[in-house]
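Okay, so chain A shows up in both of these, paired with chain B first and chain C after.
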Partner chain A sequence: MMQWKTIFKKEMLEYWRNFKWVWVPLVFILIAIMDPISTYYLPKILDAVGGLPDGAVFEMPEITPVAALMMSLSELSMFGVLVIVLMSMGLIAGERKSGVAELVLVKPVGYFTYISSKWGATLLLVWTSLIIGLLTSWYYVNLLYGDISFGALIQVIFFYGLWLTLVISITTFFNTLFKTPGIVGFLSIATIIVMSIFNQIFSHKITWFPNNLSSHIGDMLDSGSTSGELWGTALVTIIIIVALLFASLLAFRGKEMAN
Partner chain B sequence: MAMIKVDHLTKTFEGKNAVNNLSFELSPGKCVALLGPNGAGKTTTLRMLSGLLKPSSGTVSFEGMKEDGDIREHIGYLPQYPVFHNWMSGKEFLVYVGQLANLTKPQAIEQAEKYLDRVGIADAKNRRIGKYSGGMKQRLGIAQAMIHSPQLLMLDEPVSSLDPIGRRDVLNLMEELKAQTTILFSTHILSDAEEVSDDLLLMHQGEMVESGSIESLREKHQTTKIHLTFRENVDTYLNKLREIPSISEGYIERNEVQLLVADIDQARIDILAKASSEQWPLIKFEVSRVSLEELFMKVVNQ
Partner chain C sequence: MEIVEVLPIVAPILVIQIILMIVGLIAWTKTDETNGPKWMWLLIILFFSVIGPILFFIIGRRQQ
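Right, the complex of A and B next:
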């Protein structure tokens, strides 16, 4: 446990020194508020630019607060996921590639301690950024579109955070398999895309697939109650996360720490 | 009593044996050099001992270690090209790895300060490692290997990449550390091995060719050599010298007659008696021993 804390703290210090604590939250805020704000101001922007021919009537559909908040999630699922993968593709692979891992792992550090502490550190950074990002988005949605309760926001953060945790776990898993951060990044993105395609084809049959978290969250906001589907999907996601961590350990054990 | 016992250790990379059937023992308190040309399997051997590589077959056992024990608790290891977190300061890094080696934070800080001072980079302890010179990184590497006072310190080519001054400093440091821990270090330079080590393990193409204390190796492979220089052409004397029974071999090198002899005392009497009776214009008579360098070359060129 002490070693876990040592590595975790070292990661925190590293995120601080390379400004991850600054830019990751900022980028998450940007991604989260981009769509709700630009959509709100779109009519005014069009007006000001004057791109519409005379007499044309431009009617914006009425956007509900829920739909506005869901825009944030949809952008996060795209760019947020990309940022997470790019940021953590060298989590372990980078240390192994550079050779620092040779110094660290020749100390009596358990492999699971090593993997899980780094995973945990990324988790803290991502969750913090997600909370800040969605809080900002929630603030603007309340201001521009209408009320969403704070309780609902908490639920959104919790369930959506599970999806991002899964993304981190997928990247962590590939980190233990490969030593080149580029390959780790590529395979992580590819996996997420394949999962999304799979989900689009089978979503009516397999409703508990992790990619459905967002749509279940949308249903929850609309209906005001957490469905069994949402809980089920959350549970499946957690199980996959645990399985991925376990698989990471097995993969790492089979690796040789020097080349 | 052996502290570490290596038994029929073999490592195969893509069908090629990098280390082949290696067996040796290390006794505590010794400084042992793993000597061999590049590609002999020294690094692979050290990496297997440190647990970074898994042996294809064979075992490494540490005295007093339980069956399921972690060998890494008892060893310190410095890779040939140590890489650190360049954004950390030297002290931060030492405290970090110290804690990873199960020291408490205060202990780790204490040990870090001690070894920063010991390896002579205390002045730079708060500077970022990225700004360290090669020699300083090497010293930091030794400090990080020693931080948890391991029973066995393994250094992979600790001086090969250093300039003469850095090399001297690190060798002196090793000399000091000998009192504290057993040292196993690899090198391809014989003089470095001769300078600090008690025992030699000579490796070539993944196999152990020779092992033993430096003295015993010298004795075992010792042939005495006599160098003779004459005021005039040496050729005429070579044939006469070859007639002496106590001389096993004679040849001319650099205008000098070189004689390999088994019994130096007998040979000296014979040669000097002949020189005196035939009034040879002898200007130099020198006795030397075949150096380990020649042994090294002989073994490697086989």
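Right, the complex of A and C next:
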């Protein structure tokens, strides 16, 4: 436990030094509020820019608060995931390349301690950013579209956070397999894309697939109650996360360190 | 469109952009080695708002 804390603290210090604690939350805020705000002002923007022929009638669909909050989630699923993968693709791979991992692991630090503390540090950063981002988005949605209860927001954060945790776990797993950050990033994104294609094909059959978390969250907001499917998907996601961490450990054990 | 009426909503976004740029610039001055010419990154941070500083944070700096 002592070692775990030490590596965790070292990681936190590094996040301060390379400003991750500043820019990641800010970027998450921007990603989360971008769509709800620009959609709200779309009629005004169109007015100001002009270009519509005289007499053109442009009906704006009525957007519910739930739909607005879901916009934030879908943007986060795109750009948020991209940011997470890009910033954590060197998490372990970079240290192995530079030899820092070797320096850490000659000390009495277990492989699992090393992997899980780094994973935990990224988790803390991403969850903090997600909470700040969604709180801001929630504030704007309440301001511009209508009320969403705070309780509902907490549930959204919890369930959506699981999806981002899965993304971090996927990246961590590839980090233990490969030494080049670029390959890690590419494979992580490729995996996520393949998962989403798989989900699009089979979503009606396999409703518990992690990629369905967002749509289940949308249903939860609409109906006001957490469905069994949402819990099922959450459970499956947690199982996959644990499995990935375990696989990371196995993969890391069998690897040579930096050459 | 009245400036006054959109200001409370657009102002936070502007503030975030400015903070990102400033932090990007601080990081830029502290970095010795960048991927590619260093002055190029200065231009990127200054002229591409939001995207510029983020790009610099992610791929601009060379590890160790």
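List of remarks:
Convention: the second predicted complex is superposed on the first by the 258 of 259 C-alpha atoms of A that agree within 3 Å, B and C clash if a C-alpha of one lies under 4 Å from a C-alpha of the other, contacts with A are read in each partner's own complex, and residues count from 1 in each chain.
Here is the rule we go by: a contact is a pair of C-beta atoms (placed from the backbone, for glycine too) under 8 Å apart; a residue touches a chain by one contact, two chains touch by 3 or more.
Remember, it's a predicted structure, so these values are computed and weren't measured experimentally.
When both complexes are overlaid on chain A, the residue A:Thr6 reaches chain B alone and has no touch with chain C. Once chain A of one complex is fitted onto chain A of the other, the partner contacts of A:Trp23 are limited to chain C, with no touch recorded for chain B. Contacts of A:Ser98 after superposition on the shared chain: both chain B and chain C are touched.
Applying the stated contact rule after C-alpha superposition, one finds that A:Ile37 touches chain C and leaves chain B untouched. By the touch criterion defined above, A:Lys107 lies against chain B but remains apart from chain C after alignment on the C-alpha atoms of chain A. Once the two complexes are overlaid on chain A, the chain A residues touched by chain B in the first and by chain C in the second are 18, 98, 100. Here chain B touches chain A in the complex through residues 47, 50-54, 70, 72-73, 75, 77, 79, 81-85, 87-88, 92, 96-97, 99-102, 104, 141, 144, 148, going by the rule given at the top. Those residues of chain A that touch chain C in the shared complex are 18-20, 22-23, 26-27, 29-30, 33, 37, 41, 44-45, 47-48, 83, 86-87, 90, 94, 97-98, 100, 136, 140, 143-144.
Contact residues on chain A toward chain B in their complex (touch as defined above): 2-3, 6-7, 10, 13-14, 17-18, 98-100, 102-109, 256-258.
For chain C in complex with chain A, the touching residues are 1, 6, 9, 12-13, 16, 19-20, 23-24, 26-27, 50, 53-54, 57-59, 61, 63-64.
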